[in-house]
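Each chain gets a letter, A, B, C and D, in the order it is written, and its residues are counted from 1.
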Amino acid sequence: MYNFRTDLALERRDLYKKANKLDKEIDGIETQEEQISDKITTSRVKVINEEGEKAIGKPIGNYITIDIKKLKIATEDDIQHSSEALTKELKELVNKHSNPKDTILVVGLGNIYVTPDSLGPKVVKDIDITRHILEYMPEYLSPETRPVSVISPGVLGTTGIETLEILKGIVDNVKPKLVIVIDALASRSIQRISSTIQLADTGITPGAGVGNKRKDLNIETLGVPVIAIGVPTVVEAATIAADSLDLFIEKLQENAESNQYLNKLQEEDKYEMIKEILMPEDYNFIVTPKEIDDLIQNMANIVARGINFAIN
Amino acid sequence: MYNFRTDLALERRDLYKKANKLDKEIDGIETQEEQISDKITTSRVKVINEEGEKAIGKPIGNYITIDIKKLKIATEDDIQHSSEALTKELKELVNKHSNPKDTILVVGLGNIYVTPDSLGPKVVKDIDITRHILEYMPEYLSPETRPVSVISPGVLGTTGIETLEILKGIVDNVKPKLVIVIDALASRSIQRISSTIQLADTGITPGAGVGNKRKDLNIETLGVPVIAIGVPTVVEAATIAADSLDLFIEKLQENAESNQYLNKLQEEDKYEMIKEILMPEDYNFIVTPKEIDDLIQNMANIVARGINFAIN
Amino acid sequence: MYNFRTDLALERRDLYKKANKLDKEIDGIETQEEQISDKITTSRVKVINEEGEKAIGKPIGNYITIDIKKLKIATEDDIQHSSEALTKELKELVNKHSNPKDTILVVGLGNIYVTPDSLGPKVVKDIDITRHILEYMPEYLSPETRPVSVISPGVLGTTGIETLEILKGIVDNVKPKLVIVIDALASRSIQRISSTIQLADTGITPGAGVGNKRKDLNIETLGVPVIAIGVPTVVEAATIAADSLDLFIEKLQENAESNQYLNKLQEEDKYEMIKEILMPEDYNFIVTPKEIDDLIQNMANIVARGINFAIN
Amino acid sequence: MYNFRTDLALERRDLYKKANKLDKEIDGIETQEEQISDKITTSRVKVINEEGEKAIGKPIGNYITIDIKKLKIATEDDIQHSSEALTKELKELVNKHSNPKDTILVVGLGNIYVTPDSLGPKVVKDIDITRHILEYMPEYLSPETRPVSVISPGVLGTTGIETLEILKGIVDNVKPKLVIVIDALASRSIQRISSTIQLADTGITPGAGVGNKRKDLNIETLGVPVIAIGVPTVVEAATIAADSLDLFIEKLQENAESNQYLNKLQEEDKYEMIKEILMPEDYNFIVTPKEIDDLIQNMANIVARGINFAIN
């Protein structure tokens, strides 16, 4: 498979179309775009069959992308509207896969001690949990309340345990009817860092965004439907460099300054070449905005609020 | 049962002896004290039968207390010696309950976001984990390496899930032969705050130290032996006040200034009275040194180092 | 002077009245109370002459106390109303001591690394600063904007420099017309911990709340008016214990169970006795709610919002 | 002047030599390299006259670079050796510019809330300060002790005050004979991120590393000698991309695949072009290792230890 180096279905579809010089939609894929407001756009990518699956390397299902412009200088209103956009889309998926009083388990993937990987643990800190109150002090809550619990399982590198091993055991004991997983993703575009939310009802491969693929979390492995909420928080440095090379070669071609060799080069993936030349082995270099600490906090607020209103 | 308001077996034994005016040892209890150095004392309390169990409300087993004087102004040497004292005692318990290459799961109980309850999560952050390396890159480790993994399950109030429910599932999947649990405890003495370590091979009742008892973690509930490492990090404010009343009445009696009523009062527990008068309902008031943030960090270093050398 | 062990003028006035069995107001003091809402009460203590000054050990000036009930379980509305109450009182003091476009310097006293002492640095983090934008990019702001800058000078124990030495230099260079100082205070009442705000237009003695008095910050030492915003975040453990003894002796007297000795004792201050018996020398023991991390965060939000609306 | 996009004198010298195709040393510059150990290399760049100054855009003075290999996987020994290398070099500069008992002020520049900019505040947190003890409790210290104090002034964007304005006032009041400033720098090489220390006795331009140049801190502006300790913590994303383009064109030339246009292009700076195409306006994109939080902590330990042994 083509190495997309992005977890966003929307970006993969665009890259596939460009690489294959397609003008019309990919077979097996349906897309739709909606402008929610000045600053917010929602795109829906539906993978409807195996062709679509093969093209973009994502299982059959729904992938919804919410893009928020200029989140860095967002007002309180922008944040409220963004979380409302998430609530609306998430509510639809939740209702499709569960009943109103079904137990939900919200899982915050990632490492609280590594800023760009801390989104999941930060979101679950702000989720309104009710399961223990329903069990020990039910008189404090309306009888309509849905049992909600959360967990931050850590990452393989800090626990020594596969996330799937941890969650399997918890799901067996807590018996939720639906799992919602929050994780950091990789994207190709630095504009999307901590400014885009992807919703998917097909589960997730934890750590994909930060270069350490782990076992899938989905209905096959956990036994209950898994909705994934992903936010790009990093772009790999070699990706940026490779993309800038591509832009550069395109520019040469426009100016008719390229030659045969360059044209051939354009077909190739420069990522590995750059990685080899540029990057020291032991590190995982990423591109982030300097303001990543603040951006992650803003996004955590949006996602937590969006989930709280969708499931309670 | 008498409300000891301490999780330390050693303090309970002293309180029981005082309350019952015993000069000799309690039936069913054996104790022993060892001066390790100028600053470090180790005490061993062994509960050997049901009498001992009933007297101090702790199950049959071994309770080892390591007291470290003036930890606040400890040198790097003091810290090293303290962790060595822990390693020595822990190694003995670990070898008694497991074989050299048996898998161990280290559990950091508590809430990372509440300083006096954050010891457990801080300790596990510094444990040397090996289980995933043995599984994915065994060539990097000696074949003698013991598989070690860790987990910070959070607390009921932040997850909505009983710690036992979380750990049961993980133990079923990870299948350790021994579990080591780290938790914050309550003590009666402010001198012991973040200056004492209690080791026990009988498991633990999480949250006991901070006033929210939860289901026991021990060989009966988890199916494997559980060694508990507890550190007092708080004293309840009402306990301090009640203890100061007791000291005050004692002083009156020494000066022959007390009367019948006071003598009668001395027999009673003033804790509830004080709690009612002094403490607003909604809060859990604790006494800590102002320097608690630093002290917890020092103690976390000692405990993590002590464990790493005992199990690897 | 009587050792009030509280920085709140309101508590000192009450303690003075009680100690001197006064029914009417203290000479040189005027007080007034206003119920703002169900949960918020504002009290005004005015020290009008030297008698008042001597009685409660606070300089001539205005002391406004805003008490907020059950802040721990406050809704977003309660927080908004609390910050509005602060804005109203602060605006009055600010307008009394400065003109609309006068430069203001906001100073966050305290130690960011010690939770109960971290209020000041946390508040200034959220103050809207404008001075540098007015200087480098004035086109982005309305010409009516007041220049606001902030500083967190640290504490003597972490810098080796008296707060006054640091601020004197900064005031000489920045030349504000008014300084607003935020600090943690000590109170006698655990109900007031992180639930009360005291405003004073007489400056502040930093560190008074945590047992390390430093040089005063006021118009005499800094050369410009100093408004102090103080929030009690700790009660000394020995204070709690001494107060519980007092309550206990009162109760004995009510039941006619006391004797001459006890009656005499009642006149004395038990604080030193308790401190000697109960507290290890090297530490500064304080009483806080276990939830202090969250409470400080809530209060920092209220104070920052209150200031932002009062001065911008 | 050529835009070096690095604060390291050593990198500037290399870039200047490469750009001007010099084989021998630059006029006005002297360099020297010393292999301290397997992992540690020290380089000395001396700017001796105006020619040297003009060539690399750094004032006359000494620039010492300590490079530490594989700091990420450093052992405790490596950290100790690195801090010893820093102590040795710093001691020499300190003795050159001050007497043994002269007061020193250590300044931690940067923003504690932005990880790659938090090195300065983290270092000063661990400096052994003595000035207040010498003033209030001199009996606790040897009479040979040097008065040391520290300050973290924040950054213009969080205080509204120029760092120079803050420090000027403090220096006027504290009257140190020498100022040591710690700051984060920019470099061209991602291998150097949090792995290199530059020492200079010519002061510093704060914020240069993160794209916001501020007023210089040096003997002219502060009135006392200023030793700067800088650590590269970020590389600008556009720099990485431009450098990868250069490498790419070089490779084409080696393979005789380039053309006239490409050869011309090689002379140009692609940085601005890339910045325009690739980077959204509002952000400052940087490249960091994913492990930046840990790396900054390691480096802060090395620098604090290195300073403590050099000045006490």
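By definition in this document, a contact is a pair of C-beta atoms (placed from the backbone, for glycine too) under 8 Å apart; a residue touches a chain by one contact, two chains touch by 3 or more.
Not measured: the values here are computed from a predicted model.
Engineer: Suppose you hop from chain B to any chain it touches, then on again the same way; how many hops at least until you reach chain D?
Structural biologist: Counted as steps through touching chains, the separation is 2.
Engineer: Can you work out the whole-Å distance between the CA centroids of chain A and chain D?
Structural biologist: Taking the average C-alpha coordinate of chain A and of chain D, the gap between them is 36 Å.
Engineer: When the C-alpha atoms of chain C and chain D are each averaged to a single point, how far apart are the two points in Å?
Structural biologist: The computed centroid separation for chain C versus chain D comes out at 41 Å.
Engineer: Provide the C-alpha centroid distance between chain A and chain C, rounded to the nearest whole angstrom.
Structural biologist: 46
Engineer: Enumerate the residues of chain B that touch no fewer than two other chains.
Structural biologist: Residues 113.
Engineer: Among line, ring, star, complete and other, which best matches the way these chains touch?
Structural biologist: Ring.
Engineer: Could you pull out which chain B residues touch chain C in their complex?
Structural biologist: Answer in residue numbers: 70, 72-73, 113-117, 190-191, 210-211, 234, 237, 240-245, 247-248, 252, 255, 257, 259, 261-262, 270, 274, 277-280, 282-294.
Engineer: Can you name the residues of chain C that touch chain D in the complex?
Structural biologist: Residues 112-113, 125, 129-133, 147-154, 156-162, 165-166, 168-174.
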